[in-house]
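Next, two complexes with subunit A in common: one pairs it with subunit B, the other with subunit C.
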Partner chain A sequence: MDTKLKLEQVFREVFDDEEIEITDDMTADDIDAWDSLTHVQLVVAVEEAFNCKFSTVEVMKLKNVGEFIKLIDRKTGNA
Partner chain B sequence: MENLRQESISRLLRAANRLQKDPAQYSTAPAKAPKVRIAVLGSHSIQHFVKVFNLFLDRAGIKAEIYEGEYGGINMDVLDENSPLYQFKPEFVLIFMRYNDIQLRSEKDLETEKAYLKSIWSHLDKIPGVTILNTNFAVPMERPFGTLEADYGYSTLTLFRELNLSMTKDHPKNVRIIDMEYLSALYGKENWFDEGNYYLTKQGFGLDYLGPVADEVTKMILPSVGVVRKCLVLDLDNTLWGGVVGDDGPMGIEVDPHNPLGEAYRAFQSYVLSLKQRGVILAVNSKNDLDVAKEPFEKNPDMVLKLSDIACFVANWQDKASNMAYIAKKLNIGMDSLVFFDDNPAEREIIRKFCPEVCVIDVPNEAENYVRALNEASPFEWAQITKEDMARSDSYVENAKREEMEASFVDYTEYLKALEMKGVTGLVGEDEVERFSQLTNKSNQFNLRTQRYADSQIREMLEDDKKRCIYVSLTDKFTQYGIISCIILSAPNEDNGCEADECFVENWCMSCRVLKRSVELYAFRAVIEEARKMGAKRLVGEYIRSKKNSMVENLLPSFGFTVVEKTEDRVRYTYDLAKDPEGEVWIQS
Partner chain C sequence: MLNFSISGLFFAVLMFITPILMRVGKRFRREIFLLLNTAVFLLCLRSVPALVIGVLWILVPYFMAPVLTKAADESAGKLQHILRNFFYVLMILFFAYLMHYEWVPFFKILPYSNAVKLLGLSYFLFREIDFTMQYGYLKESGVRITLPDYLNYVLNFYTVMAGPILRYEEYVTDFYDESKEELTGDMILHDLHRILFGYLKVYVVSAVFSTWAGYWFERVSTGAGFFSITAEFLLFAFFNSFFIYFNFSGYCDVVTGGAHLSGMTLRENFNQPYLAVSLVEFWNRHHITLSEWIRDYIYSPVIKVLISGSFRKKLFEGQCIALFITFLVAGIWHGTNFNYVVYGLLQGLGIVISTLRTNHMKKKLGKKGFKEFQSKKLVRIAENAATWAYISVSFSFVGYDVCGLILQKL
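Up next is the complex of A and B:
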């Protein structure tokens, strides 16, 4: 499955909202429930879904969803 | 989500979020569920834990009201008795600590930390009826001393271990210790400590372990508000032993310590016995004739559990559900105090259906996994185990014996004496032949000639009046070893090249479990006696070198044998049977 689609599914599960559609320039400001707490959950859920593990620096540097997708692709050898 | 503990963390968090957002829809705790007020404090982030914990409590049938302390706010909440914590009036206060909260570099640091804990606990004691659940410390992985950590009392790891121990030994009655050190070791410290997540989010331990920790703490709270299980109800055939006693007989069932499967059943019995020793009541619920069911307990010496360990023994051909009711009535406890362990899934299903209050353990197919299954299910979670609970069993007597023994370790001879070894020697008969064959064919190290025999050959030798198959069995005050040495003597024949008044030691082996216990010498006395009975004047022995048997190279000379003939890989010896053997034996017949 396309990384973006799969990631969208993870977002919908974590934020428990089937309506969410992710875009590359989306940030935490765009989703109400996206706070530091759910961010941890999001990272764990992505790691689980894509079977990879992110480093501290990688998680810190994430600026938006587009970068998240790139990071996932790089980690899973999809880039 | 049948088994919460096995759920992935993202699924757990999702379910926890839903429960938090919409308890009316997602709670499964009964409407009348007991309500508990719990405060959670931590030196690190506890937000995720609280969510998951709330889920576990709900699934355990507890409605919890949770006070969540500020991150790193233990002192703020505890030391100020006007803080919201005290206003909340919690019944339980959970305190999460982590090794990097404190510096342990010296004994002085240790004393400071102990004093700090005591002051926290005594402050909280002002809350009426409070129970404090305080984590001990998952001992860190870092070893500044390298491999020397365990050599010194002042290394950081040792000081943490000591702090943990002192928390266990010296805490007020209303404090319980959440054993994070055990959990971190159980799941593996390499995963337990997730440094990345700690630096990012101040999560005190890997997110994957939120479930197990929540489960542990829920189990600690449950007995105060819910049911307490008191009695383990056991099936017999293929549960306590392998096979069917009605078909195989009391001696034919599988509890033989020399057989891997028998060992597995014995290990399960030992675990059950350790439950009994902490005060769990044992009962039997078996489809059998009563007399037949009791026979192994009375007649088979390999049984770990004895009839006197069973408080209520029910064996009949009625359905097990009716028997459960009878057991509860007879012991004067509720059905909800019973835990049922039966290898038969059909029986378990019946109990689940007709006795829903009974806790039914999911028993795995393999006997070797019984202990794990019961241990993981951990059904006997009590608020405390009293001295009276322990005294209910006979364990005090055994402990006293061991302590007495440790004290008497003046020297090795004293130790051997203290073991109170008892031996039996004799000629192999039908009861011994199987083990005799097994040991003879598998011993490599303590084996003079490493001769191997088919079962049929051994059985032939038992009938042969020119052969003697001698066995030695041993018991000490702790262990029943069974047969641990096998010797075959033969009258003169072409193969052994002995003369008319000689007797040949054709094979001699011993289990290495009983080395240096004077068993060899004890066996040698039996050999001499038997050889004399055969009418021999001299004993002839041989050492045949193998890749593994160098430990017995000097066995025969040590008994006073003299060399007759010597080649590279074979030494032949003789011993004058007019001589009595020398050396001390610490085994009583």
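Up next is the complex of A and C:
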């Protein structure tokens, strides 16, 4: 499955909202429930879904969904 | 040994000559800044052992950063991961030893002298952790990394006393930012105004509040009767919180204005904290750079470990534990005696209670209903007053021996 589609599934599960549609320039400001807890929740869920690990700094530096997709692709060797 | 503070003559001279020197010798501004920073560092040393410790404390992280980054890589072995964690544990233990926490009995056994204390030890640690943790990212992103830049970042005399805590990337990007506007007469006037305003806040406004706080603290110490003591204590706590705000934000105004005259932008550290309507919001408005640092380097890693492990199905509990640990550690960091442990406990407890309440209210009223409830004027006033009162009472343990006072009263 395409990284973006799979990531969208993770977003829907974490935020418990089936209607979320992710875009590359989407940021924490665009989703009400996206705070420092859900951010880490997202990271943990993505680590499980894509079977990879992120460092503290990688997590910290994520600025939008597009960067997240790039990071996942790099970690999983899709890039 | 030089007593380096914003009230000292040396600091005043530096504030005056640094912008001029860095402007006149623009090509060598990095070297000029390094010379001044090193001079402050050396002049503030109390002994030769302090020099040795200081040099190691600053240089070891720089040279270890590439090794630590390699050890954090997924391709590295388990032993390397363990050694990396061991390095950070050692660093924190050594920091605790140098701080000489009074309530840790173990430190009493070890030989220690005040002469090894370093100016800005805590702030060195914050910056060193940021540099070593981010090293891999900095390299990858092509951020300039050189020893002189690192030394200027760690030793920066404007921020060495009490922040704001810059990140390496932020500091270097700003220092070499060529798109920055040249200083105009208006800007210089604005900076000078900010410096003057900062000094007034520290030496007039906060000094008055400090005197009043001291007066009411004395009244509590000598007074009797539960109700009068409680009222006097609350007065003391409020005046003390005003003192802390004006003293610290005034200091930040002085160093931010001074650094700006020298062509450097420091991040704002305060945003009207006493308008906050919750403890979480308060910490997003007070000593902002420290709050962000602890969020990135304590809260996020702790909560990640918790919710990927035993708290996988208990996210809320995991969040509460992570918040409590974060605020307890941050509180303990603030000072070396037991009052700061109580301060940390109170902050941790307050944040957890506030999170529990928000969670409960959200369940009861729904997310939308809770938002509407919070936007009511009376609710905002009540929440603001409660936040302020809680912060003031917990801040009373900062700078005053409230634990001693309680024991005396009991």
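One rule holds for everything that comes next: the second predicted complex is superposed on the first by the 79 of 79 C-alpha atoms of A that agree within 3 Å, B and C clash if a C-alpha of one lies under 4 Å from a C-alpha of the other, contacts with A are read in each partner's own complex, and residues count from 1 in each chain.
Please note the rule applied: a contact is a pair of C-beta atoms (placed from the backbone, for glycine too) under 8 Å apart; a residue touches a chain by one contact, two chains touch by 3 or more.
These numbers come from a predicted model, not from an experiment.
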- prompt: Does subunit B (first) or subunit C (second) touch A:K61, or do both, or does neither?
  reply: second
Message: According to the stated criteria, A:D30 is in contact with first (subunit B), second (subunit C), both, or neither; which is it?
response: neither
- prompt: Of the two partner chains, subunit B (first) and subunit C (second), which one does A:V14 touch, if any: first, second, both, or neither?
  reply: first
Field: Common interface positions of subunit A, toward subunit B and toward subunit C
entry: 36-37, 40-41, 44, 55-56, 59-60
Touching residues (chain side subunit B, partner subunit A) in the complex: 8-10, 13-14, 17-18, 21, 47-48, 196-197, 199-201, 203, 207
Message: Considering only the defined contacts, which subunit C positions touch subunit A in the complex?
response: 72, 74, 133-134, 136-137, 295-297, 299-301, 303-304, 307-308, 315, 319, 367
- prompt: Which residues of subunit A touch subunit C in the complex?
  reply: 32-33, 36-37, 39-41, 43-44, 47, 53, 55-61
Message: Going by the contact rule set out above, which residues of subunit A touch subunit B in the complex?
response: 13-14, 16, 36-37, 40-41, 44-45, 48-49, 54-56, 59-60
